[in-house]
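One structure follows; several queries about it will come next.
As written, the chains take the letters A, B, C and D, and residue 1 is the first residue of each chain.
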Amino acid sequence: MDTSRLEAFSDGVVAILITIMVLELKVPHDASWGALVELEPVLLAYVLSFVYLGIYWNNHHHLIYATERVSGPVLWANLHLLFWLSLVPFATAWMGENSFATVPTACYGCVLLAAGLAYTILVRSIIKQDGPSSKLASAIGNDLKGYLSLALYVVAIPLAFVRNYVAGAIYVFVALMWLVPDRRIESRLAR
Amino acid sequence: MDTSRLEAFSDGVVAILITIMVLELKVPHDASWGALVELEPVLLAYVLSFVYLGIYWNNHHHLIYATERVSGPVLWANLHLLFWLSLVPFATAWMGENSFATVPTACYGCVLLAAGLAYTILVRSIIKQDGPSSKLASAIGNDLKGYLSLALYVVAIPLAFVRNYVAGAIYVFVALMWLVPDRRIESRLAR
Amino acid sequence: MDTSRLEAFSDGVVAILITIMVLELKVPHDASWGALVELEPVLLAYVLSFVYLGIYWNNHHHLIYATERVSGPVLWANLHLLFWLSLVPFATAWMGENSFATVPTACYGCVLLAAGLAYTILVRSIIKQDGPSSKLASAIGNDLKGYLSLALYVVAIPLAFVRNYVAGAIYVFVALMWLVPDRRIESRLAR
Amino acid sequence: MDTSRLEAFSDGVVAILITIMVLELKVPHDASWGALVELEPVLLAYVLSFVYLGIYWNNHHHLIYATERVSGPVLWANLHLLFWLSLVPFATAWMGENSFATVPTACYGCVLLAAGLAYTILVRSIIKQDGPSSKLASAIGNDLKGYLSLALYVVAIPLAFVRNYVAGAIYVFVALMWLVPDRRIESRLAR
């Protein structure tokens, strides 16, 4: 099986996820700026998740581009990643509607952690399939940024119970760290 | 008509179905773990249906890959399958929100049975079109796994009224049985 | 501009429309068969609209297949068709939730009529662009089936106020008439 | 990275946005024409936004067609545009449900302005990447229509507080101005 249909399906799911999040922006009945200001935490959470899904779309694109073919395990590892990403709209709405309360903020971190782990599993299963001398294996290298992100999520989740804004700041920091596309793969492919 | 647009349309519909199911995960107003625990049956039903739709996407992919062309009857058999799959989010939400109560659990089984029958009809209409000596006909063979699934659904539906967890266990068992991609087609195509 | 992106965009919109209609199937709070029976008119309306959107997808596919290129007017004629199709989920839900009451049933006919007119305009604008000796012009011919459908909608709308089931029967009849794909185009292209 | 996947993803997002707007057309409980008449401002806002998203889809298509490749900054400029477009359904529903009240009407203009600026940024980042002698740079020229639109939005937003129908008229005027596809790019490419 070649990678094109996997790519199209994943793109479709991410495009829908990034879009239906907007359905959680409940239209206020009141026609005042005040009604919009009350939506502020919901909007902030929406922006953060939009950026995260954009990052996943972007990195997933580079990843599949470097993949040679798609076996059964890779396909299910990809669906496993999509499953956790599909929970992002839920976690976003819960966190936003409760103004970054502790439990929803920790829960948001859990979904990010699970999605991060699922991405790592997907990368590993592709490398296992394509072999240690494949383009992807050499491009990913020791995957410092990936493991650092996972570690930061693990730190942020308990911190949400102490200082919720610290957890929020860590989520923003990880997003900024990834806003730069994965140049490792790009530069390897360019050679 | 070639198969590419049928494939793209079916992928689009399944990608949307698998994603809008998450809209049925109603965001709780309460910001406590308790609120999340109450969502447990809804989440369980969501996971099960996510896996089922993933299986259908995967097997449909193999099926269309082995199909040579698309005639009118095949096209409508495909839309018929998509119709039953489109009821999965409804049946999932009904079953989840009622904590696997008997009637919704039986109803969920009916939707799975109808989708399974629609898939069988689709396979038969493709074989009828491509001929008994086609790639697909030899790859499918006697389709033991397909008929076994249908039989298990037929058993599970009345059991939902006696012991709902037995019906649930059967749905999980059928899903596990199919998690392995349809190697019959894969191995035939590989030759 | 070639036809592939128009095709992909239209397919995407129709796939989403056919799928989000299911969001109007409100999950009943009650876990009994009675709750499902109450949904009967909503389900009936859903099935009818699913078939209609399937027909539009199918015929649109044949239409664009026979189109040579896409100019500005064709592009806007296509968006105009998509606009009316986008009102189908709304009209369906209104008709279904009110058990085929007169006004919603007439309104549903108006949406079908507008979509039918938009399809005719699209066909005419493609023929105008490709010329009277194009594949499409000879394949469409005098377009008897298209004009008959429009006439039937015009008859059905006022009838909805007298006998709503007659209007419903006409909608079903037109759908059945079109369930057969547009063989005119198929047979012309086959030559 | 070539432009095809960017194109497919953007098309997907816009197709979903244009379609989910219809979910904000709340189905009235009443089955009378009066219930439909009450929906009038919501329908008007829907039509306007449908046209705007159609224009963006169309112009985006021409833009990416003239683009030679996709670098990191272009990709993020594109996601930035999609972000503002994703707020269109929210702004549309808020404006429609409040019958074009001043604050929502101004807010709608802000979203249009932000989307317009994001489009301009996208155009500039593509030109920066492809160089001042690229196809796109010569096709866009001084981009009079783009800057005029931005100026009109800036004028319309404060006017919404004085005469909301003037702001509405300006939004309609800008839409009409763009209904004609961007012939600058078309004519340059045709040479």
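The definition used in the following text is that contacts are C-beta pairs under 8 Å (C-beta built on N, C-alpha and C of every residue); 3 or more make two chains touch, one makes a residue touch a chain.
The structure displayed is predicted, hence computed values, not measured ones.
Is the contact between copies subunit C and subunit D built from the same residues on both sides or from different ones, judged by whether over half of the numbers are shared?
Interface between subunit C and subunit D is built from largely different residues.
Based on the averaged CA atom positions, which chain is farthest from subunit A?
C
Averaging over Cα atoms per chain, report the distance between subunit A and subunit C in Å.
38
So how far apart, in whole Å, are subunit B and subunit C when each is placed at the average of its C-alpha atoms?
That gives a centre separation of 27 Å.
Return the residues of subunit B touching two or more other chains; collapse runs of consecutive numbers into ranges.
As it turns out, subunit B has residues touching two or more other chains at 8, 12, 16, 20, 23.
Could you classify the connectivity of these chains, where an edge means two chains touch, as line, ring, star, complete or other?
Shape of the chain contacts: a ring, since each chain touches exactly two and the loop closes.
Once the touch criterion is applied, which pairs of chains come out as touching?
Listed by label, chains in contact pair as A-B, A-D, B-C, C-D.
Give the list of subunit A residues in touch with subunit D in this complex.
Against subunit D, the touching part of subunit A is residues 7-8, 11-12, 14-16, 18-23, 25, 27-29, 31-33, 36, 47, 50, 54, 57-58, 61, 65, 179-181.
Which positions of subunit D touch subunit A when the two form their complex?
Residue positions touching the partner: 1, 5, 8-9, 12-13, 16-17, 20, 23-24, 72, 75-76, 79, 82-83, 86-87, 89-90, 93-94, 97-98, 101-104, 107.
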